[in-house]
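Reading through the structure tokens given below for one structure.
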Amino acid sequence: MSQTAIETRGLRRRFGGMVAVDGIDLMVTCGEAVAVLGPNGAGKTTLLRMLATLLRPSAGTVRLFDREVRDGGAAARRRVGFLSHRSFLYPDLTPTENLEFYARMFGVPTPGARVRSLIDEVGLAGWAHRPVRTLSRGLEQRCALARALLHAPDLLLLDEPFTGLDIDAGTMLRDTLRRAHAGGTTLLMTTHDMTRALEICGRAVILVHGRLVWDGSITEGRREEIERTYMAAAHAPHPILSTQHAARSTQDS
Amino acid sequence: MLALLRKDLQVELRTKETLASLLLLGLLTLVVLSFAFDPTSELRAEAAPGALWVAVIFAGALGLNRSFLAEGENDCLQGLLLCPVDRGTIYLAKTAGNFVFMMIAQLVIVPIFIFFFNLPLSLGLGGVFLSLALGVLGFAAVGTLFAAISVRTRAREVMLPLLLLPLVVPIFIGGVTVTGRVLAGKPLADVAPWLNLMVGFDLIFLVVGWLVFEYAVEE
Amino acid sequence: MRRLDTSLAAANLVVMLAAIYAVFVYVPTDKFQGIVQRIFYFHVPLAIMTFVAFGTVAVASALFLWRGGRGWDRLAHSSAEVGMLFCTLVLITGPIWAKPIWGTWWTWDARLTTTLILWLIYAGYLMLRSISGPGDQGARYAAIVGVVGAIDIPIINRSVYWWRTIHPAVLITREGGSGLGDPRMRLTLEICFLAFLLLFVWLVRIRNQSVHLRDRLEDMRRQVLAH
């Protein structure tokens, strides 16, 4: 059963006059683990947020699990987990309370038991009853990971999840992601870190100035080739400054 | 939706910040307004309903901001948006939460109000609370929508009252009138048209808020 | 487009001059109210256009929210600014008329009070826009204010009206154009109405173009900076 997890066509997003994501056609089949590489400002976060239905595209379509995301996309969200560098946790509540809340919101069948098991899995057991405000960033991120995994999503979207994590936490995250992937979860991860990308993902796409410039499988052997493509693309002249593009954009508005 | 409401209550119980602001601001306003009137004058009893509602509305306008501030801290609002619920449902839950908080605050403010303004205890307290409930509901309906907006703009402390106050004029006029009549001993039937107005206001803006909230909150 | 602009401006000028002539020279002085009554010919069309402007803001805002398209947003913004101008003038001409006639600067009658609240809503709208700066989000928020405000205005009007009937002490009902015996008064009113209608359209057009240019400039600036 090779179902499509993600399919986008002509996905675009502008902020005011600036085009952050410029016509992306992407297809990810179920069970893949894809790394999204690209320099800062390339549009990676924007792309991810559109896939998570947090942002409405300016143009183009997003299909998650073969159903088009329309009208807010509540149904799709049930199968998607999202992890970013903001934790989305209520600082005055404890991890247990936070997770139980989200579990209820996602309709997880046995919230109490599920929360307890996840807390153990991410190693938060000793801190589960103190307000999130008092936790260190590493612990907070663990809780955020638990939150993303709570409803056993079929698709995990991760926005630079390794940023700011110490080695311990980073290893735990990597192992958890690998486990999830082995269990059939589709992963889409933006990252700067080629090493992590290679450890977890089998495929990579490179995003530069809102466009996909490379798409293929990644192995240690191809690492150099990928890095070269990345560098070349990242230092290419900005397409916006060429007159053609400028004329086209102003006609849009 | 219930889960959301429960969470809001939980957070509030933990910190009590919103409740405290509502209470203190309300009381403060009542006190200050009391100074505006000579304690012995006749005018005081007539102006009393106005004073109560001014306190409710000002405290409310400033207190409402807090409910969305909490969501801002770890981008929790985004976390909420990730849940498989309609944006409209989030709006209703938030409005209900705000309504509950404001009404709890009224439980303390109204007695103090009666105290300060020397009003006879027996009459029409039920009517006063009814008008408060309707008014606060309408206020929460519009206020929650606009709080979601103002919390994300720069001059947020000013923005909410600025936008909100002109819009809740009908509630204010209605509330003051009903409170005044009821305290003067008139039967509820007397103020029926006003009550209808307030109910209408509440319904209309609950629906509008429910429809429009997603635009206020999504990007 | 230039031709339309020029002819619009020209028509505007002509009609406005005609209106001024009509108001100050042509029309006879009202028997009861005296010379001050002439303000009425400005006041009423201004008031009508204020509400037209706000209606435009509401509709354009709703369309913007529903369908997107910055054109709608620009229209809403321009209408709001021009509407604000007109609203201010209404609130100024009102008291000027009222004082000699009724002896007070301000009467709390339903229409004038509603206009005052409308002014406050406009002010909130414009302040929200200026604070948010250029950009989709600010526009969207303002649009919400526009729509909600428009829905609220009839309710506000009703409640103020009822409130006024409870306090008859200062009860003064405004004549909205009744008692215009002389046909010349009618004509003058119509000319003025046309003049202000044209003025409204012209001002909104100019403002709209100016906002459009500013938006494009801002877009280019952002694109360059993003590099």
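By written order: A, B and C. Residues from 1 in each chain.
We adopt the following convention: a residue touches a chain if its C-beta (ideal position, glycine included) is under 8 Å from a C-beta of that chain, and two chains touch if they have at least 3 such contacts.
Bear in mind the structure is a predicted one, so any value in this text is a computation, not a measurement.
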Neighbouring chains common to subunit A and subunit B, by label: C
Chain pair, A-C or B-C, that carries the greater number of C-beta contacts: B-C
Taking each chain's C-alpha mean as its centre, the one farthest from subunit B: A
Closest chain to global C-alpha mean, per-chain Cα centroids: B
Where subunit A and subunit B are represented by their mean Cα positions, the distance between them in whole Å: 39
Centroid spacing, where centroids are CA-atom means, of subunit A and subunit C in whole angstrom: 48
Distance between chain centroids, defined by C-alpha means - subunit B, subunit C (Å): 31
Residues within subunit C bordering two or more other chains: 136
Junction residues of subunit A, two or more chains touched: none
Shared interface positions of subunit B, touching two or more other chains: 219
Residues of subunit B defined as touching subunit C within the complex: 142, 145-146, 149, 152-155, 159, 162-163, 165-167, 169-170, 173-174, 177, 193-194, 197, 200-201, 204-205, 208, 212, 215-216, 219
Subunit C-facing residues of subunit A, complex: 15-19, 41, 58, 238, 240-241, 246, 249-250, 253
Residues of subunit A touching subunit B in the complex: 52-56, 72, 74-78, 80, 82, 84, 86-93, 97, 101-102, 104-107, 131-132, 147
Interface residues, subunit C side, partner subunit B - complex: 65, 117, 120-121, 123-124, 127-128, 131-132, 136-138, 140-141, 143-145, 147-149, 151-152, 155-156, 158-160, 162-163, 166
Residues of subunit B touching subunit A in the complex: 3-4, 6-7, 10-11, 14-15, 70, 73-76, 78-87, 214, 218-219
